[in-house]
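Okay, so chain A shows up in both of these, paired with chain B first and chain C after.
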Partner chain A sequence: METKKNQWIGWVYLAPAIILMLVFMAFPLIITTIVAFRNDYRIGFGLLQLVYPADGFDGIQSYFAGLNYGFGAFRTVFKNEYFWSYYMVNTLIIVFVSVPLTITLSLLIAVALNSIKKLQKFFQTIFFMPYVTNSIALGMVFAVMFGSNPNGLINSLLISMGNNAIDWLGAATDGNSSALMIRFTGMAVLIIYIVWQALPFKILILLSGLQGIDKQYYQAAQIDGTSKFRTLMRITVPLLSPQIIYLMITSFIGSFKEYNSVVALFNKDGYPVTGANIPYFGTIVLYIYNNVVMMPHVASAAALILFVIILLFTGLNSWISNKFVHY
Partner chain B sequence: MLQLILFISLMAAIVITAAWCVASYFLVQTKDLDERELKYVQIKKVIILASIYILMGMLLVMPITYCPNFIAIIVMLCVTLILGWIAYYYVDLLHLSELNQATKRKETLKNLFIIAVAILIAAAIALILYLTKSLSALIIILALCFLGWMAYYYLGYLKVSTVEQAIKRDKAAKVLKLIVVYTFLVVIAIYVVVPFYWMILTSLKTPMELNEKIQLPYTLNPQWNNYKVAIKQANFADTLVNTIIVGVISTAGSLIITIFAAFAFARLNFKGRDALFSMFMATMMIPGEMLTVTNYITVVKILGWKDSYQALIVPFLVSVFYIYLLRQTFKQIPDELYYAAKVDGTTDLGYLFKVMLPIATPTIITILLLKMMGSWNSYMWPNLVNSDQSASKSITLPDWKKRNWQLITNSIRGSFRAEEDGGTDQYSRITSHLQMAATTFVTAPLLLVFIFLRKYLMRGVSRSGIKG
Partner chain C sequence: MDIRLENLTKIFSEKDSEVRAVDNLDITIPSGKLVGLLGPSGCGKSTTLYMIAGLLNPTSGKIHFGDQDVTELAPEKRGIGLVFQNYALYPHLTVRQNILFPLQNMKVPKAEALERAQKVADLVDIGNLMNRKPKQLSGGQQQRVAIARALVKSPDVLLLDEPLSNLDARLRLQTREEIKRIQRETGITTVFVTHDQEEAMSISDEIVVMKFGVEQQKGAPQEVYNNPVNKFVAKFLGTPPINFFNGEVKNGGLYIGEERILDSKLPNQEVCVGIRPEGFEVAENGSLTVKVEQIEYIGRDKSIVATNPNSENPTFRFIIDADIKGVEVGKYLKGNIKPNKCFAFDKTTESRLQ
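Up next, the complex of A and B:
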């Protein structure tokens, strides 16, 4: 009798979580997928009226026109003149530059931290600081630091060393810098900020992994006279591989979804501040969010594309990790 | 006035130093060792106390009157400190006369030598800076010095042939390694800390200072008024209230749902539990962007929650990550406790609240913190579903709806656009100081959380954390 009672008691405990998950997780997943395959869709149509006509409801013809399923939304995404050259390329640059950079850097920092005794806790605390910050607020700080109008920290340093100021974020109105230059420096600042934000979490994970490694491996290497670099590559990295793979998967996913840092450094549209209406610094997620209200079907299609890319990458990552991870 | 105080304190420091030296000279004349020890301790006490008073006086005076020459104060302070230090060592030096104290004396001399070298290097740097007036020359010279040092160690490394020298070589290698490691860590620490410093610094500057071509790394008259202006301009009044209400309600709600769900997954046995749990875990892979479009339609069009608190709370009440975190903690509690409680006639709920929750308190605090920080930092969703209705002229809109419905992060990004707020002259175009005052205002509570509750955060995160 006890077990029978527990049968439904468990579901009662879980009921609020399940209901909310159904409404705000499972249901949207299905609807977004359906909406992505509509040629036209506007929010005014209502959520469940998926077979309603595209442009109002007059006559039998437009009713059939309303069954307007196809790849129109995907075509809109792919034919957007900025989608490949800006939104997609920027996202890929962020992913393939910032992820390896952060993981290498945080590995070096974790190894360095693990090798010292004095001030270890102090440095650990300092390095954890960016984790608890507001990404919009600190992005604005970076925008001020790299500002050229008025000059920020970096330009002040450059000038006092006898160089010229650089228009890092494309904020100057004189238009001296070329478009390519602005894009390059802007992306560089963006990546510097993303790395700054991403370091604490990775250092923490890698350091706790390092502290779990048996000291005997290192003593054996020392007796054999192995060089420091070789020790790092042959002992530390293989033994840390579970953590590294975990970080790689999570940070690949995270940097595909970069949004707040772009909004904070530039603006909601990813334009340089100069006012040229070209999304120099747009990412895919920026494109999705900018279309949610006006063209939900296009936003859904882009979200679906992003989801597929992320799935592919995660699959690839776990396939690689199954081959190389040393458990 | 201030110069006078500084001059007096400097003079006092010199007099004290001299007095110390003279006293210790007479000290040595005392033949009886015990008596000398006693006198030595007394003199030391008096002089240290006097020095501390002078230093404290200077430190108190400094912030009260803003000295036009900030660097002069620092230099004088340093000189006073160094003089005191030298005097202290000098006394020690004289005091040590026994043979067995010779080694200590030697060490003391070595320390004195190091101090002298440090002073010389500092003076050299100052001189180079003064003469060339450029940072690049200084950096090049410092790099050359470092390279020279490296070369010196490397030479020592090559020269070694005997066993004793091998030990020396190892020591040299160790020192080099330490230098490299600490330099690396310090550089990274600067990279991490400088944005915070620059934020606070910029928030205290005047537009005039910001308009300079070269920004100074300090400010002589901090503008605390910037904060007042920024808080007023950013409309924090509404958004701060919103953030607190949304943060508290969503944290409480989410905590209750999480506790019950985690309890069901960890302790109760029912059909389909494990399948359901793996389904829950699988949803962690779904990017939030997939859900935004439909959730926007659901919340705004179906439920009609535009510009309301529930639009910000309800969609995010369930977090699979928190359920997972709490379930792992609950799982660690031994089964025996549960059966013992059952025998005593405790109900499931009673067991949950009397036994499990107290044990899991640290995890619950972690969840609480992460969720609170989530509301404090959320930007995209409130920007999408809620808006600033404070300036609305709509007739159909009831009055109580005419306020800013967004959260605090939205108000820092949305305000301070020069072209809207600024006047026509060149200074009012600059809004960086107000922006930074607002960001400092938003960052300060987070830093407080960091300082006092770091332990809980780091524990939660290192247990395989996902942010937010």
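Up next, the complex of A and C:
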């Protein structure tokens, strides 16, 4: 009796969380899935259209025949001329460039921070600043730094060293830079921005991981005459592997969903200012957002596609990392 | 190769205080011997060991290995093997990789390294566990891996920091024998840190007793036990511990209360009398009277917990022959004191008088 009563109380305690989860996670997930397979989503019909035939309701016989479900929305996504060449490719570039870069950099910074005694707290604070700063504000700062006109911070530096100004973000109106060049420099700046913004949290996690490593391992290594590099690769990295793998999985997922940074640096369409309305810097989530008002079923389909990609990739990721966590 | 510590001092300074962890330590560790560094917790044993290893820099003083002054030498150049208190085995590496680790740093060719690792692993009897991770080993096995890792580079000096403290009683006994055997077989000058006097006494060729960073006494274990220079050393060595009484020297005799237990040539004064548990011989007309409170049998011997109005502690312990009759709880018992098991200490300086 006692245990039953306790279970009952347990459920009561969990209820708020479960109800919120159901309302805000499970329900939208289910609706999104259903909507994604709706061929003829009708704006303004709300949830009603999930069961409402396209041609109106005229008797039970024609009811099921009238429901129009299928892969139409998915076809729309795949047929979009920019989906593969921009939205998907950009997302993959962001994922596979920024994540390894961020983790390597944050590891090196964390190790360096951990090894200094004086000013450690000071530098820790400096590195943590981006984390507590609004990302849109940061984006604006970056946009100014990488401004296209000769007054941009980086451009002024380049000019002072005798180089030409570069249209980093494709924001110049003269349209001198080639499309490929703009896409390249723009993505480079975008990745710098993403990496820089992602560093603080990772440094924090790795630093606390480092501080949890027994100093005696390092003393033992020192007595055995282990070089700095070998100590990093053979001792620090393996002992931090739980944290590194946690960061890898979460940041792979996070960067598949990259959106903020694009909006902050460019605009909500991912277009450069020059050139046609081509989403040079679009990501999958950007595509989802841009379709969610006018074509919710297409947005839902894209969201499902992203969901499946992330699911597969995370599965692969944790399968691989299980082989690399050493203890 | 012998190790000489000259006026070795280590002061840890913090904001508003400083700790003299090691104070003017002046000892020589003879070549090829096993020396036990012994003292209560916090007396600076690990600090001394880490200074010998080079992991800590002495505040002042010098360290010599043989003819060489190594005070300023980096740890990896000193040719030492160190076994840490909790072994510090790399958890992600197998036993083999752990033992190979120092050799890989020294760029020993692979075949030779493997051979040396196997040899040293066999020496400490873990040759069949080479593919396990440290987590899959018992405490004693881990400790032997740590010793193997320290030995594999053929160090000139082996340093052990309380290597047995994590083991259970039986394993501790077994591994300390093993350490002694390995040390004897390899002939490496070894320093062994412990706060367990029994451990130090049983395997050391020589012991150094420390208190608050200051050396109290050094010598062969039995010699230090038989002739402690002060009350601290007398108290620290021996289980069960020595018993202390408030005593007095008068009329050419050593008195506890009004009972004259031994002759004494000391000038008249109040003293602290220490009697080892085995120093009490039950006798009909013995010189010291105690009241028996409790009797414990420990194998062949009988241990009595007794009281006496002049005892420093409420109760004390004597070990007597189990065959002796007439020992009963609640009764008084008389006995003579063996002169070589009884010491007199100065009341204030605590140094040995008799």
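Everything below uses one rule, namely that the second predicted complex is superposed on the first by the 289 of 327 C-alpha atoms of A that agree within 3 Å, B and C clash if a C-alpha of one lies under 4 Å from a C-alpha of the other, contacts with A are read in each partner's own complex, and residues count from 1 in each chain.
The rule we apply is simple: a residue touches a chain if its C-beta (ideal position, glycine included) is under 8 Å from a C-beta of that chain, and two chains touch if they have at least 3 such contacts.
What you see is a predicted model, and the numbers here were worked out from it, not measured in a lab.
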When both partners are placed on the shared chain, which of chain B and chain C touches more of chain A: B
First, second, both or neither for A:G225, with chain B first and chain C second: second
Partner chain(s) touched by A:I109 [first = chain B, second = chain C, both, neither]: first
First (chain B), second (chain C), both or neither touched by A:M129: first
First, second, both or neither for A:A188, with chain B first and chain C second: neither
Touching partner for A:M233 - first (chain B), second (chain C), both, neither: neither
First, second, both or neither for A:L157, with chain B first and chain C second: first
Chain C residues touching chain A - in the complex, by the definition given at the top: 53-55, 75-77, 80-82, 84, 86, 88, 90-93, 101-102, 105-106, 133, 135, 149, 153
Parts of chain A lying in touch with chain C, wherever the complex brings them together: 214, 216-217, 219-227, 230, 234-235, 238-239, 241, 326-327
Of chain B, residues touching chain A in the complex: 134-136, 139, 178, 181-182, 184-185, 188-189, 191-196, 198-199, 202, 210-215, 217, 256-258, 260-261, 263-265, 268-271, 273, 276, 280, 283, 285-298, 300-302, 314-315, 317-318, 323, 348, 373, 376-377, 379-380, 383-384, 409, 412-413, 430, 432, 435-436, 439, 442-443, 446-447, 449-450, 454, 457-458, 461-462, 464-467
Residues of chain A touching chain B in the complex: 3, 6-11, 13-14, 16-18, 20-21, 23-25, 27-29, 31-32, 35, 43, 46-47, 105, 108-109, 112-113, 115-116, 123, 125-138, 140-142, 144-145, 147, 150-153, 156-157, 159-162, 165, 196, 199, 201, 204-205, 208, 246, 250, 253, 256-257, 259-260, 263-264, 268, 285, 288-289, 292-293, 296, 299-300, 303-304, 306-307, 310-311, 314
